[in-house]
Amino acid sequence: MIASFFQWLNDTQGLNFSVFYDAFDRSRFLTGLWTTTYICVVSIIASMALGLIGVWLAGGSSRLGRLVVRVYVQFFRNTPPLVQLSFFYFAVASLLPTVSDGFGGQSPLVSGTGWAIIAFSLFAGAFNVEIFRAGIEAVPSTTVEAAESLGYTRLQLYLHVVLPLAFRICLPALNNNLINLVKTTTLAYAIGVPELLYAASQIWSEVFNVREMMNVLLVTYVGLVAVLVWIMGRWERSMRIPGYST
Amino acid sequence: MRSGSTDLPVLKPFRAPAPIAPSGFAAPVMLSSGTLAVFVILFGASLALAQVAARPAGEGAVTVLLRWAPLIFQGFLFNILISFLSMALGTVVGVLVGIAQVSLLAPVRKTAWGVTQFFRNAPWLVLLFYAMFLLPFEFRMFGITIAFPAWVKAVIGLALPVAANVSEILRGGIKSIPAGQWESADALAFTRAQTLWMIILPQAFKRMLPPWMNLYAILTMATTLISVVGIQDALSVTRAALIAESRPELMIPMYLLLLLMFFAYCYPIARATLALERRFNVKA
Amino acid sequence: MASRHQLGEPVVVVEGVEKSFGSFSVLRDVSLTVRRGETVCIIGPSGSGKSTLLRCINGLVPISKGSIKLAGREVNDAKLDKLALRRDVGIVFQQYNLFPHKTALQNVMMAPIHVLKQDKAEVEERARKLLAKVGLSQKLATYPGELSGGQQQRVAIARSLAMNPKVMLFDEVTAALDPETKKEVLVTIQDLAAEGMTCILVTHEMGFAREVADHVYFTDGGVIVEHGSPAEVFGNPREERTKGFLDKVL
């Protein structure tokens, strides 16, 4: 029914939303959507892990660890993500060996999608370090003192008191950063990863429906972000403590 | 019995960071010029390696790099120019939309809010494509033809998300001023426009400046996106140079050089933003 | 010394303690002894080092010179097992410092489970009794943010008691409370002292100190100016500084 409506729209109005009636275009578009989602999910998880490792090192006793985190954070925050991605995909990849692809040819060790995930995780992870650090700093020193007085070790203190509170404090900022990450995944287009923007551009260059595809694309991305906002909002609500506002 | 909210300290939202973190945990990731030094060392090391790795017959890596560096730098200056123009356009539009967001007229307020949210949540690259493909290459009005070359479209494309973010910064800044300021201005018979321009905005300004500067840094880094839509910028020059030379060992120093240029420009802005934030004691 | 109950062996022995933050000297040659079952009140103007002294006793703040012995153990020893020390000393703070993400019952149960590794069911039973004792049986599942200041402070007392400490330190625990809720907290402390718990209180509640204390210390400018029974210190102070302070606050 939907397909026939868009077929009619194309035939009579000249508005060609081919993704809604053409099976091939639709599958290309959905594959792109899947790739984008995949990159997003893996990068979100990896970037949060990086953020936690970073904040742990930054608060540790190792001077080298602190320096590494500082350089990492400043580098990824103050250089263009697109150049970072190019740096990984072109320059770093050139140093890595290739592997046999099983068909008598050679293929790179890490695929374009792989590099996109690595670059975006590092990019978003740098912001997460700062976000987590701010959250931990915002836990009142008096609450920490109370836990120390009860005999908590540093690890117990972190697990049971500091992190549960810090996490609630930094959720809004984390939220923003993860939304930003979803938007950043479009950069993978530049290295030919078949994500949503790339799939859309293939469709519009073959079907010549730039205007329609553009709008579909914008709405899809805003929809993706809305889904993430909804999930994070639910999460935030489920973690809300009565009588306590962050 | 729920006692609702009280003014007891434990209930207050955790805003001000604790002055001293005990047992040294969460030592702040401080901004320091040491970071820049590390990059310069990394860059130097990669260059030295490339120099060593260079084929005996070929030119030295440093020679090649010096040949291209001025061109890449010219490209970089173009990125900066685009960032100025987009920031100017985006700020003007964003301020107007932002003020519309606090309008007393519900339809105006809601439309401005919707537009802001939409353009804030759309990826920059998609908006850039949007502007590149859907804006006409020239614009006729009252018999005058205004040409829209690619770079002008790029400026507009980048200004869209900037405007949305400026609009949100403005709304946040205005909302951060206590309602008592509006009420007392009202009591003194100021009009709403007078209140906004003479009382609210001057106070909100210092809260809006750090996030605005932060936005500018983000925009500057985003200007490299124009290379994706076929405009010659620092990134496209770098890629062209690498293709022309076809010397794989130059890839890392060349890209590091480009990253360094942006870092040298954006890092001081980040420091200044942080310094202002601390001085005004506000969060971006 | 007007003792209300049998006093045992010394539990806290502070000798010649000095503490300075940078060049700023907070405690100078402070000595005091607290016996088992004794209730000691430390009074004095703000900034006289009273709170710092309490924090030194449970090892939150390291001392610069001197010795603090707690149940025979030297607190200032780098090799000291901090956990063992903190099991023996409970502290209640002015700002309650409850864990805002846990209910009243969970706040009381957390440390025995996490730190002492005690059995959860046993801990819960004890926690319920303790909260009943401080009059909060109805608030077990309530979060700190929903409790009044006095209620939060009583949860904090129960939380410290759950560790079965030998000594309880109270750091101006009623200073942030309004007059009505102050009383409920003071009564809780009074009951505790009457049961024979060793208590050291830093307080501005002179009437309360006079009533419950076995021994009162008056500190000013980081030194102990004078000490004695409440009747001596409040009724017949020897030092001019004590007189001046008491004239101002009483």
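The first chain written gets the first letter, and so on, giving A, B and C; residue counts start at 1 in each chain.
Throughout what follows, a contact is a pair of C-beta atoms (placed from the backbone, for glycine too) under 8 Å apart; a residue touches a chain by one contact, two chains touch by 3 or more.
Everything quoted here is computed from the prediction, not taken from an experiment.
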**Report entry** Chain-chain pair with the highest tally of contacting C-beta pairs
**Finding:** A-B
Query - Furthest chain, CA centroid comparison against subunit A - result: C
Query raised in the report: Counting in whole Å, what is the centre-to-centre distance of subunit A and subunit B, each centre being its mean C-alpha position?
Result: 19
Report summary line: Here the gap between subunit B and subunit C, centre to centre from mean Cα coordinates and rounded to Å, is 52
Query raised in the report: Hey, how far is the Cα centre of subunit A from the one of subunit C, in Å?
Result: 49
Query raised in the report: Do you know which subunit C residues sit against two or more other chains?
Result: 95, 97-98, 100, 144-147
**Report entry** Shared-contact residues (touching 2 or more other chains) in subunit B
**Finding:** 2-3, 11
Report summary line: Where subunit A touches two or more other chains simultaneously, the residues are 140, 145, 148, 165, 242-245
**Report entry** Interface residues, subunit A side, partner subunit B - complex
**Finding:** 55, 58-59, 61, 66-67, 69-71, 73-75, 77-84, 86-87, 90-92, 94-95, 129-130, 133-134, 136-141, 144-145, 148, 154, 158, 162, 165, 169, 179, 182-187, 189-190, 197, 201, 210-211, 214, 217-218, 221-222, 225-226, 242-246
Query raised in the report: What part of subunit C is in contact with subunit A in the complex they form?
Result: 58, 60, 82-83, 86-87, 89-91, 93, 95, 97-101, 110-111, 114-116, 142-147, 156, 159-160, 163
Query raised in the report: Which residues of subunit B touch subunit A in the complex?
Result: 2-3, 5, 11, 13-15, 17-32, 34-35, 38-39, 118, 121-127, 129-130, 133-134, 217, 220-225, 227-228, 235, 239, 242, 248, 251-252, 254-256, 258-259, 262-263, 266-267, 270
**Report entry** Of all residues in subunit A, those that touch subunit C in their complex
**Finding:** 140, 142-143, 145-153, 156, 160-161, 164-165, 168, 241-245
